[in-house]
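Input: a single structure, listed below in structure tokens.
Just so it is clear, A, B, C, D, E, F, G and H label the chains in written order, and each chain counts residues from 1 on its own.
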Amino acid sequence: MNEQLKGLLAQVSDGSLDITQAQQQIESLYFTDLGHTVLDMDRERRTGHGEVVYCAGKSVSQIHDILSHLDTSGINVLATRLDEVIWQQLAPSFPHAAYDASSRLCSLIHTQPRRCTKGYIAVVSAGTSDASVAEEAAGTIEFYGHEVRRFNDVGVAGIHRLFRHLEEIRGARVVITVAGMEGALASVVGGLVDAPVIAVPTSVGYGANFHGVSALLSMLNSCSSGISVVNIDNGFGAGYLAVMMNDL
Amino acid sequence: MNEQLKGLLAQVSDGSLDITQAQQQIESLYFTDLGHTVLDMDRERRTGHGEVVYCAGKSVSQIHDILSHLDTSGINVLATRLDEVIWQQLAPSFPHAAYDASSRLCSLIHTQPRRCTKGYIAVVSAGTSDASVAEEAAGTIEFYGHEVRRFNDVGVAGIHRLFRHLEEIRGARVVITVAGMEGALASVVGGLVDAPVIAVPTSVGYGANFHGVSALLSMLNSCSSGISVVNIDNGFGAGYLAVMMNDL
Amino acid sequence: MNEQLKGLLAQVSDGSLDITQAQQQIESLYFTDLGHTVLDMDRERRTGHGEVVYCAGKSVSQIHDILSHLDTSGINVLATRLDEVIWQQLAPSFPHAAYDASSRLCSLIHTQPRRCTKGYIAVVSAGTSDASVAEEAAGTIEFYGHEVRRFNDVGVAGIHRLFRHLEEIRGARVVITVAGMEGALASVVGGLVDAPVIAVPTSVGYGANFHGVSALLSMLNSCSSGISVVNIDNGFGAGYLAVMMNDL
Amino acid sequence: MNEQLKGLLAQVSDGSLDITQAQQQIESLYFTDLGHTVLDMDRERRTGHGEVVYCAGKSVSQIHDILSHLDTSGINVLATRLDEVIWQQLAPSFPHAAYDASSRLCSLIHTQPRRCTKGYIAVVSAGTSDASVAEEAAGTIEFYGHEVRRFNDVGVAGIHRLFRHLEEIRGARVVITVAGMEGALASVVGGLVDAPVIAVPTSVGYGANFHGVSALLSMLNSCSSGISVVNIDNGFGAGYLAVMMNDL
Amino acid sequence: MNEQLKGLLAQVSDGSLDITQAQQQIESLYFTDLGHTVLDMDRERRTGHGEVVYCAGKSVSQIHDILSHLDTSGINVLATRLDEVIWQQLAPSFPHAAYDASSRLCSLIHTQPRRCTKGYIAVVSAGTSDASVAEEAAGTIEFYGHEVRRFNDVGVAGIHRLFRHLEEIRGARVVITVAGMEGALASVVGGLVDAPVIAVPTSVGYGANFHGVSALLSMLNSCSSGISVVNIDNGFGAGYLAVMMNDL
Amino acid sequence: MNEQLKGLLAQVSDGSLDITQAQQQIESLYFTDLGHTVLDMDRERRTGHGEVVYCAGKSVSQIHDILSHLDTSGINVLATRLDEVIWQQLAPSFPHAAYDASSRLCSLIHTQPRRCTKGYIAVVSAGTSDASVAEEAAGTIEFYGHEVRRFNDVGVAGIHRLFRHLEEIRGARVVITVAGMEGALASVVGGLVDAPVIAVPTSVGYGANFHGVSALLSMLNSCSSGISVVNIDNGFGAGYLAVMMNDL
Amino acid sequence: MNEQLKGLLAQVSDGSLDITQAQQQIESLYFTDLGHTVLDMDRERRTGHGEVVYCAGKSVSQIHDILSHLDTSGINVLATRLDEVIWQQLAPSFPHAAYDASSRLCSLIHTQPRRCTKGYIAVVSAGTSDASVAEEAAGTIEFYGHEVRRFNDVGVAGIHRLFRHLEEIRGARVVITVAGMEGALASVVGGLVDAPVIAVPTSVGYGANFHGVSALLSMLNSCSSGISVVNIDNGFGAGYLAVMMNDL
Amino acid sequence: MNEQLKGLLAQVSDGSLDITQAQQQIESLYFTDLGHTVLDMDRERRTGHGEVVYCAGKSVSQIHDILSHLDTSGINVLATRLDEVIWQQLAPSFPHAAYDASSRLCSLIHTQPRRCTKGYIAVVSAGTSDASVAEEAAGTIEFYGHEVRRFNDVGVAGIHRLFRHLEEIRGARVVITVAGMEGALASVVGGLVDAPVIAVPTSVGYGANFHGVSALLSMLNSCSSGISVVNIDNGFGAGYLAVMMNDL
């Protein structure tokens, strides 16, 4: 958009645009205020990353407004936490979108993101039920043009399942571990790899897991070094952070 | 004591002991009421196990009363949670006792317990700081005449330390795992052995370990089967239960 | 499967099977990777125990895949936490399965498990509402070929109900106690029997029971020795562990 | 004090006391404002009960002021939560006081309370370590002139210890149960007696007892009816309430 | 039933009933074991109180079995926590029952309970939304033949509403206070009356009330004496206990 | 109503109204007791503020009674927490009411409130999902006749969005900040303005936000001075308090 | 300091001060960076309020540095949470300071603050043990030149103590309530006054008060309107906020 | 150590070392088992990083053993959580060590670590009291040979303090934020920089900060992306992870 700004300033300079109008047009290069939501229209240019829309807690019409505005501005968008029942109301308006019900991710791509060629990110998950959170991480990584490798159902109850893939996991530059219940996978992986590990506790389990608290505390108190933790079920946050790290 | 009871009844029968006195003497074969504490004088005969005295929260003079009474009755006693500073006041009265400051166990042995020959119990602990709880379990097992093998500082942060001993741990009939922080050791061991696993969370750690809650929740939510849990830092409870299992 | 492995190796040895194919076929004796789930195909041979599938959090199609694969491989399967509404979609595919709506257990038996003849396991539950968790434990024990005896609605509010059955409970080699609300049953039973006691807190109750936390804490803090605890409502875990103990 | 009020009003009536002075003197029959504390000088006349001073969190000099003022006014006083180290500084000023270090109660008696003759109150406690809280309840009951019977160390781990005293406990009009750890005593006693039961959780225990929370939740969720609960370690509150009930 | 027992023993004595049959018939005077539930058939004779059935967590058919059995035995029954949707399935079988949807109480009365003439019990509730819990207490009291007076919507936000009724509340022998949110009503009433106060926290409120925890803690920590607490929303428990107290 | 009271007293004085009738009529100027609810009929005269009805937990018919009674008495009413599905049953009876589904506020205005002219109140909210709570605050402020300015979706993740409006926010006499998740907005705003700040945590978020606890704790522990906190999602409480402050 | 800035700019303008030096000198009008702490040197001029130093967690030497620097700059300082044992090491360096051990406040006054003449602030506290927190609030208010009136030991257990002072409390423009235990005082006062109420929970109490959580939750869930809450024991925060309100 | 291994194997090969001895000597290249602790002697060679010893919970003699063994093996060691009072007993044995009382770090350097030249890591802390945790992070980073820049006392209560340093913070490749109380600094910094942010909650604060829980939850729920969290007060963990990231 730098070019757009330059053009506007040139118009101001030659008097073809008055200052009040210029102010509005310049501001709209950066923000759009929809009333309920203030959109950042400049992130993609600044960071090379598309815009992310967190859909939980927003009404169908709010999500529609936001996606439409970004979409018609030609900005890549990743919608997260978009429940299938809500998506079904939105889908007709966004025929070119890619939606995945398990991860609840929806992406609208206008420009293919530049590929990151530094190496791959491993997403390692403990049980079948953790897979949707793992997929939220993996889908986010792909949205940003990084390579991801998935290792599902390799929890520590049968540690040989993990060891089958150990060399490939060790080859990753960044590792995401996704686990519910007691979340021991993070500590075990953290003790086996030399890469930074992002731990995602999930709410998978019952009773004294307290909707993910057991895995969360487990991961925060890991005896392995090089581990940090994101919120319960926050696959997107882990994927986004992994991309930032892999870009280093 | 059966012989004692038989003798008393014989005296009643031949009239040499009146009924009121007989009642008192019979009852004292089973109970001694010290006012603050009611002692079970018959457990050793019934179960073959000595008596256990939990010392936390008792005054020095209460502990002294209890130990003296049992000791002079010739009953094996295991005192638990006996802090060193309190023991130092008691030690002169019990010169034949064996005290260990790390586990805070004190044993007074009159009759060597019968040796259990069915196999050994493994006590596996994660870090150096967990060793005193592990030792409470191990000392308890030895008090009851069972064989114990100790595996210290084999936490999952360096899982090869555990694997060095895996065959020997797998050889145990019952396994106790002792771990603080995230307590992942229990799940990993549970996934590797076929024996029942007793998990002891410890309060080792800081911050979001909440004095052992993180390890406790971890162990309760273990993805491995065959694991059950005792209270935080309850090495005695784990040891006692392991003995019951090993006696099966 | 040892025989199958021997046969494959013989084929490799006489050159009738090339190494790459042999590797795949040998590995499939042990694992099957369904993408979302990695199945252990060898447990029954190793441990004599059938495979267990935890169904909560898995989709209908995932459960269908897993059960089908194990079933066609002739492996005994116990599906746990299988809600009736999900089972109704699966039932037509598994006409030979036995399903119980109260315990949410479903078993597919190909080979009758060897009977354990060492003695019986007692499952003692406090109230009518605890019965479904108790039944999950009892059904698990039967799946593994052990004898179980059920004692329902014998909570401590009317302790004579428990005492009516005391001798029979004392005859068990292992005792499971199942209780919600204040979970006092575990301590009372623990004080009355000499067998190891597995305590299962249930989420039965309301208000300050916090979905089972009151019973859980009660059981972890039991003043009786020889008690260990599994997760809230974890009838399966208790049953499985009781089987391991009874096999000692 | 009614007589004092009548006298003052007579003086006002005959003009020998002006209204402003009368107002002050009448008010002082009811309140004394020490600045930091407002004393109720009339409770004993109104309710027949002496005044209670909760000492925790008050400075030595504040306690001294309060006790002195009440004492010189001839009011019976019960000081609670008075730690021995603080009492030792106060003792010289109150040579006629009775202090008990275990319950931390101190009583200053001027007029013997009228004896309640309706029956006795039972105070039943689980373990040796619960005795100081039980004694706070028992001492409170005696301060108010009611009969109390103590049953110590009769917890459910050895339920025969409780049954030895069952008839005497059943004879009480009100029962107080005092227990830490899992607090099961309250439910068991509640199921065995027909009197109202006041349950006092204590902070006795360690680990997952969370300073009395386990016993508190246990008692709040009791499956027995006729039980209510006071704060953790609140022996005074239980004793005071038992007296109110026994006075019905 | 004493007469029934006497008759049976007479039959045994004259040989018209053999011992095995006698044993069964005598036992059935006391217990009925429905498989899922063990009924106490003798409580009404022993205590003068009808039987109570807690319906939450029981299936429709279990409740039906229990109510039918007691009802046909001519025992007064109070069913608690009986949701309207479940009641509608049961109602045709119990045409003589009285059901109240707000308190979820259902009573089947065969013999009018003896009236307690010692005085009335006050049920004081804070807000309109607390009324269903208050009504559970009040209905329970009436089931047992005691007089109850209701004081609704008199919370401390407008304390004059409480003061309007103060004299009548002070006239009660026992006071129940029912309040959600911050539960201050219990302390205020406790400071104003001389009767024992049973505090019932309710789950009314939102946010940091944590489903009744705020009111529960408030009541446990009351600065007023003479207050004890039952579980959150436990109107029945409060009513039952108040009856026990009022019977003193 | 003063005039009404004067008239009644005049009638009493001239004997045209007897004392019993007068008492009832005078009391009804102040209270109306609907059985389930006690209405304050005099607040508007005393405080200049209309009456507020909290609808959560009340039945449709209870709300109908309350609104009708106040409405026909000509009192301004603000109904809060009135869910849309309940409102749809009430709407036909109150055609002149203004209802807003997002904030769940419904107002019935008879007399326009006097306008407060001292300045405006700023309502600053963090994310799109916090807007309904913010609107509850804003609508409350308007109901009381104060000026409010709304600043939505200005959370600290993009702090420039906040800074765009900083001068206008600094111009407010009182500032309300509404935020879920980590609630950092309150501290940041608190550090930037000199006005008192009322912080409203919302339940927006997931996982370790624990339904608003994270934002609540954040706000209670703010490092900025001049901040106080209301209950989670309590937009009404914040708006009401802001009005009280702005009236100073 | 405006004058100082003007002088410096004049020097820059006439060339007598070079730009680099000017930059440093201008910045030092606003900040002083002590390495461990960055002091705001301009607050007093901007807001008319002295600087506040929170001492908990700071070392003696850090506190000494900060107080010295501010003191020698002629800025009024209020040090909070300054424990007596630390103060005794600092006192010789600050002979003109006023220290109060109960509230742990220390003030160094150079310029008397302008008196606020709008009215007084009431500080109402529940028990003797709450007085130090109340005094922290009161001392803060006085530091800022506002009038405060103290009402100590007027908790709801004896509500007549509160009512003695009701008119004077109602006369305040802002009311602070300070209470531990169940914190009911806030709701009762909130229902009786029309001024905004700042509620300060204290950690006074024991057991289930959880170091102030019971009072905190009580106050957050108050059924009275117009109440907001600060952190547990945060007397300073309440005092500071009351001053901001009273300045409106 | 590769060379050492090669030499040993050569000796085995030429028969000068028998196999049993060789096994022991080879193993000791990797592990040293001190009984209480198993040391990893090979980490420095494998990872280029020295060994870390966590000292909390270890006895003076255990720490002495560990440090001595590593030190005499010429391995760089970083001891963490080494309290000053313990260090004073150890200092005479390690005259070449560098100890810092604030961060409780002690380093013994034999070989200077290779300098990382990729850029610097920023450590940004909120208040003076957070500095010791920040210094633990910073000292760790320096131990590993990376450049660190410290920004202390720049919390959001005075956000201009942070903005003074914004450009320099934005220049870092990895940012660590250290904050107690409400921990808002992490979200604000996370919204302002494009680098990955490691958030360290500290236990600084009081009351409802619950020893760091408020900051922990704040950081886990941050509305800014690119943030992950380590345990409360875990400065070492943050520093170690930052080094791993900066090495990418």
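Going forward, contacts are C-beta pairs under 8 Å (C-beta built on N, C-alpha and C of every residue); 3 or more make two chains touch, one makes a residue touch a chain.
Keep in mind that this is a model prediction, so the values were computed, not measured.
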Item to check | For chain F and chain H, chains touching each | outcome: A, G
Next on the checklist: If I rank A-B and C-E by number of C-beta contact pairs, which comes first?
Outcome noted: A-B
Checklist outcome for this item: chain D and chain F have mean C-alpha positions lying a whole-number Å distance apart equal to 44
Checklist entry - Whole-Å distance, chain B centre to chain G centre, using C-alpha means? => result 54
Next on the checklist: As a quick test, compute the distance in whole Å between the mean CA positions of chain A and chain F.
Outcome noted: 38
Checklist entry - Which parts of chain D, given as residue numbers and ranges, touch two or more other chains? => result 127, 158, 207-209, 213, 216, 220-221, 225, 231-232
Next on the checklist: Judged by the touch rule stated earlier, which pairs of chains are there in contact?
Outcome noted: A-B, A-C, A-F, A-H, B-C, B-D, B-H, C-D, C-E, D-E, D-G, E-F, E-G, F-G, F-H, G-H
Item to check | Partner chain C, residues of chain B touching it in the complex | outcome: 47, 52, 173-174, 194-196, 198, 216, 220-221, 225-232, 237-238, 240-241, 244-246, 248
Checklist entry - chain B touches which residues of chain H in the complex? => result 31, 35-38, 40, 56-58, 62, 81, 201, 203, 211-213, 216, 231-234
Checklist entry - Which residues, counting only chain F, touch chain H once they are in their complex? => result 126-127, 155-159, 181-184, 186-188, 190-192, 205, 207-210, 213-215, 217-225
Checklist entry - Where on chain G does chain D make contact in their complex? => result 127-129, 131, 152-154, 158, 161, 164, 204, 206-209
